[in-house]
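What follows is a single structure, and I will ask about it in a moment.
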Amino acid sequence: MFSNRKFNLLVPLFSILLGFLVGAIIMVVFGYSPIDGYTALWNGAFGNAYYTGETLRQSIPLALTGLSIAFAFRSGLFNIGAEGQVFVGWLAAVWFGITFDLPAVIHLPLSILVAALAGALWAFVPGLLKATRGVHEVVVTIMMNYIALHVSNHIIRAYLLESGSRTYRINESASLRSEFLTDFFSGSQIHWGFIVAIIGAFIMWFILEKTTYGYELRAVGFNPHAARYAGMSVKKNIIMAMLIAGGFAGIAGAMEGLGTFGAMHTHAGFSNLGFDGIAVALLGANTAIGSVLAALLFGALKVGSLSMPPVAGVPSELVEIVIAIIIFFVASSYIIRWAVLRFKKEEK
Amino acid sequence: ACGTEDEEPAEETDDETTEETTDETEEEAPDFSVAMVTDEGGVDDRSFNQSAWEGIQAFGEEHGLERGEGYDYAQSDDAADYMPNLNGLIQQEYDLIFGIGFELMDSVEQVAESNPDTNFALVDDVIEADNVASVTFAEEQGSFLAGVAAALKTESDEVGFVGGITSPLIKRFEVGFVAGVKSVNPDIDVRVEYAETFSDEQMGRSFANSMYSDGIDVIYHASGAVGNGIFTEARNRIENNPDDPVWVIGVDRDQYDEGQQGDHNVALTSMVKRVDVAVQEVSEMAMSGEFPGGEHLILGLEDDAISIADTNDEAYTDEIHEEVSDWEEQILNGDIVVPETDEELEDFIDSL
Amino acid sequence: MQIIDLLQSIMPMVLFYSAPLIFTALGGVFSERSGVINIGLEGLMVMGAFIGILFNLTFAEVFGTFTPWLSLIAAGIVAGIFAMMHAVASVSFRANQVVSGVAINMIAVGLGVFLTREIYGSGQTASIAEPFYTRTIPILSDIPIIGEMFFSGTYYTSYIAILLAVFVWFVLFKTSFGLRLRAVGEHPMAADTNGISVTKIRYIGVILSGVLAGLGGATYALTISLNFSAMTISGQGFMSLAAVIFGKWHPLGAMGAAIFFGFAQALSVVGRNFPIFADVPNVYLLIAPYVLTILALAGFIGRAESPRALGDPYVKGSR
Amino acid sequence: MDNYVVEMLNIRKEFPGIVANDNINLQLKKGEIHALLGENGAGKSTLMNVLFGLYQPEKGEIRVNGKPVTITDPNVANRLGIGMVHQHFMLVEKFTVAQNIILGAEPKGKGRVVDLKKAEKEIAELSERYGLSVDPKAKISDISVGMQQRAEILKTLYRGAEVLILDEPTAVLTPQEIKELIGIMKSLISEGISIILITHKLKEIMEVSDRCTVIRKGEGVGTVNVNETDVDELASMMVGRQISFKTEKTEANPKENILSIKDLHVQDIRKAMMVKGLNLDVRAGEIVGVAGIDGNGQSELIEAITGLRKSESGSIQLNGKNIENLSTRKVTESGVAHIPQDRHKFGLVLDYPIAENMVLQTYYQKPFSNSKVLSFKNIYDHANQLIEDYDVRTPSPQTKARSLSGGNQQKAIIAREVDRSPDLLIAAQPTRGLDVGAIENIHKRLIKERDKGRAVLLVSFELDEVMNVSDRIAVMFDGEIVANVKPEETNEQELGLLMAGSTKEKAGEN
């Protein structure tokens, strides 16, 4: 028999393969060369140190929103609100980075912490309403996303605007950027955030798998009735799960604010980091390590796709389709399991 | 320029076609390449990214460059794409790279610093660096003329302005427009609204609905896709009542096409901002070794980079045309200095 | 008096804001009542908007003033077919329905824009020549107060949406199909043991959600945006989903919620002209619809009970 | 022998990795009640699901009225006149009885509108004819389990069933309801309907059925005429060994009061007062059985004691300390263990491994965790110990609770609860749906705990169980304890009357 573990690895791999296959078919149908297209994609993602750095950079916030959604999922909650939590985290980190002037060893961690708190606060509302009034978290988080979008735009314009649509730049002491990394990756915007993401993944894994908090959270996620019977507070755990999930998403925002941009700009629409995080979490089977790996894949696809139109003439939307197909097949893992079992049977 | 005189109708061959035919045969393309990075609007935003790209294409074709080698663009779907896009083009060793839109200011500033050997140009904002040319437009001038046209067209003595997101740039549109209106008739009311988005058509629709319902008959917008909603509302009113006096003044490029409703057109005129002209001009300068690095070019009426469209000759009557031209003359010869900020506007109105 | 003024200027806008949401939310009701979560409503709307515009641009010459109606139908059909992807994944392949919905959203935008580029060589289409126009209903519009509010300057599609909500209510609660659909969403195994094909009913539910969301997207495109780009549908599908839940999975409730959203949204724009709101900073008006929704959910609406089997793939013989 | 309505011959049904039915034969005569007997997991439900078309057999033949048939889905079964009442009811809670009954076979009026009026009338007629009283307009969620079962039976009759499969119909019923059901079954066979009855209760088989087919571990053991056999033979056929029915226990030796409840009032979710001034004491070293019909406040009583529900007034003392309205956690810590009524809903996190389920209330204590960090080594050591001590049949402690049989799931819960050495052990319906072997095991365990000096509160709807296991019986009716009796001084008749609300004096007179 195929072990579950093997399946869990096989399914995403199969899905990725199928996603690229469908992408190739579409390219052929519309008269593009899939070889050129994918070569451009690969080179645009890993072709040199610069692109590799960019891929890593893009993966950082994706990993963190992925962790946010995975964490909530494991506790039986669906956090569509990562999008809004990213905004408030980003804003909070930038505000803190602009307003205060502290030694870097204090300033940087505090800025990240402030972002985490802001994201957690944003997630607290749906968590509280779910826990105390049974309001569906999906609706509330959707609404909170819009509120975050408008409020953060307003705050930027009213209080933090330096020029155009951008806030003042954060103080150097709060920045995640470093000469060393930029040089090492030939000028890429890569920043120390990847360490933050890895620490985040470790924390999630540790909390969920190794601590009593995680034990409670998962129990509530699987069976709230049994959790209550066993003396756990379902309400407390729902709120806690949302707080932690919001914290991760807030930190994802901090990565943009303290790392990639060093500021925040007003947004016409959503950043999609939160929505892509759903895909990341899923492809990563809602595990910490899985989310990090999935974020790397999506980071590579997103950065690589920028090179497809200029180099191979293929519209970058194709990558969007490929990602969607991958998600689709991961979601439908049953069919892959079925196919593999079938295959095994025939072998015998 | 080369001896192909005995070819067919010589008189008709204007500069461009001559060069095109010759390029393919022998003339070596110049050793110069130019590229641009769009902002989030994308290259086909039917607005200034598109206009910039048209400028670059025209430049490329004019000089026999090949797309992908001599000229190209990189499209940004997200603010995070600016840097990778700029760096991608730098790696492909383009000689001149445009950043289209003030959103790219930071990114251009950064890459300019770390790539002192490449020339950059920023459209719509200013960067102080030796290898960056900054190009902005005197939108207030065009908006002033739009205001004049609006003031002449309005019957209700009420006109409206819809801005996208509040910013110094859009402020120039608003202030110029108000100044123009008041110059013609200080008693005309101008209602100003900001959608705080450039993308929500529904919002534009609602603003227009509410403005037209309240008796405003000309709306000038500087709001990207929000403006589509304004056109929709105006067209809808014309469909219901062809005699409804509702007008829209377009922005950035001639939005005449958006205004067509049956055989009527609601686009009174448009404040045309010729990003293509600017892009072409800067490219020419760079190619001929006169790159205006460190300079800030403000292109306005006198550079033909700002103009007022007269496509809709039914609505935009000769009288309007003449009067607008008068005012244009006054701006060109310096009699009028169009205000750019709220304070300047106050002074301007006081002085009327 | 002022209230009446406000209502008169706001109601037509409310009606046209809410129409796309009503259509889509009704679609959501079908899908979710059959037990399939449909977060892909957004993507289905995108498909509808894309097809609506594509059809309109292509056939405006041929069909003249009928074009918008035919565009609507085309959009419904294609989005219905597109929704089958979600059905295949979540019903036949037992996918996680939320995730499949997310994939639908991504594919729809990707495909819509990809095809727009392929067909028009640009990321957004031109404006259509044959959109829907507002109409004023004769006689009814002459009724004092009400006439002005509800029967002048409104799109037919708004009335259709409202009538459709009543029709969906009838289908769900009065016909055998509705009984079966609800049974499948509550207790699929009970339905199965009664000889009802859970798979078939769920496919129908999801496909209907596609058709209706397609109508919703096309309505938006044909009345409001008049063109298609990646930004055309930005969040309306999620708002519709919120309306489904807000409306407690009831067609009339969903319609009410959609109208509530439309009202809050219209108020945030039109309200500025009224003295009561004149001094309120813009941002408060912008977030008002969302805050009001949360307050409503938290306050007097309370716990909404979803269909029992919502989100659970049905596997024969499991428990 | 050609008047078999249904014949299942050499049926084999496999699930991945397991043969649920192997070479099983079952022949049903017209108008008989045919019992199907077997341990938990023996394959009874599977066999019936095959007959009802939910599963396709790998091998074997099914004949209906002598003709070979292929039953591909429940529709086919319905058409062949086979109806099934499932172990877990197949009713849509939000629908009315009538809506549930017509579902899938709706009478249509004009305009495709469901003609509910007509259906309700037909249902009323049917229930009249077979003595199945139920209100067609009542919502399922508002009616008792017994009524729901009648709705299920009506559902099959409405479709014209001539063969009725009842899968463990009595497991969820009160004694009164069981009596009624037996009456219904008899009236059904008198109308020419044939019944296959699955039950673990041998007494019932003896009482109502004509013949009995026994299966063991997926294989057929044989079919016997019930009037030629006895309970002991059936039991040993089923389990493969001798079973003792009378639970052996010594005289109780009650000591100090452990649990003392005074004038307790508790409301249910709908704010109806369900416990109304209840008084109850349980002492160390005794088993107090709470007998009563479902819905007389038993659940609310247990929930109030365990902190799952707030009480309105009154006191609950454990070892002299007030525990009313403490949190569940606090109650647990002060020495209360609880075997919940619904093991899937409350007792287990089905997706957790057995080992993690075994520390469901103690995970945060040493040695299972240390400053909030779990010690998996200790958790698994603990699980291995319990699995061995309590004979939980599981491939490994890593196995998910979901994949254990009901009996073993229950054993795991009991192991967990008993192992905490509680002062008070509350057992709610601890043997529901389990086979005799498993029941015997659990009863022994409860008595053993009593003998260790624990106070045991047993709440059960099964009179047999209460009579056999308890040292003292508290009869609960309408939110109060209406009588305290000794099992050896009463009988089922008297208890039944007390549970139905007669006073002790009256009950005694009868």
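Letters A, B, C and D mark the chains as written, and numbering starts fresh at 1 in each.
What we mean here is this: contacts are C-beta pairs under 8 Å (C-beta built on N, C-alpha and C of every residue); 3 or more make two chains touch, one makes a residue touch a chain.
Treat the numbers as computed from the prediction; the structure is a model and nothing was measured.
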Target chain D, source chain B, minimum contact steps: 2
Mean-CA-position distance for chain C and chain B (Å): 36
Centroid distance [mean C-alpha coordinates] between chain D and chain C, Å: 45
Centre distance in Å when chain A and chain C are each reduced to the mean of their C-alpha atoms: 28
Junction residues of chain D - those touching two or more other chains: none
Chain B residues counted as touching two or more neighbouring chains: 196, 199
Shared interface positions of chain C, touching two or more other chains: 231, 234, 282, 286
Every chain pair in contact, whichever chains are involved: A-B, A-C, A-D, B-C, C-D
Chain A-facing residues of chain B, complex: 40, 68, 72-75, 77-81, 83-85, 87-88, 91-92, 102-103, 105-106, 111, 114, 125, 165-169, 196-199
Interface residues, chain C side, partner chain A - complex: 39, 85, 88-90, 92-96, 98-100, 102-107, 109-111, 113-114, 117-118, 231, 234-235, 238-239, 241-242, 245-246, 281-283, 286-287, 289-291, 293-294, 297-298, 302-304, 306, 313
Contacting residues of chain C [partner chain D, same complex]: 174-177, 179-180, 182-183, 186-187, 189-196, 308, 316-317, 319
Complex contact set, residues of chain A against chain B: 44, 48, 50-51, 54, 58, 150, 153-154, 157, 163-166, 187-189, 256, 260-263, 265-266, 268-269, 271-272, 303, 306-307, 309-311, 316
Footprint of chain C on chain B - complex, ascending: 42-46, 50, 193-194, 196, 199-203, 205-207, 209-210, 213-214, 225, 228-229, 231-232, 235-236, 239-240, 257-258, 260
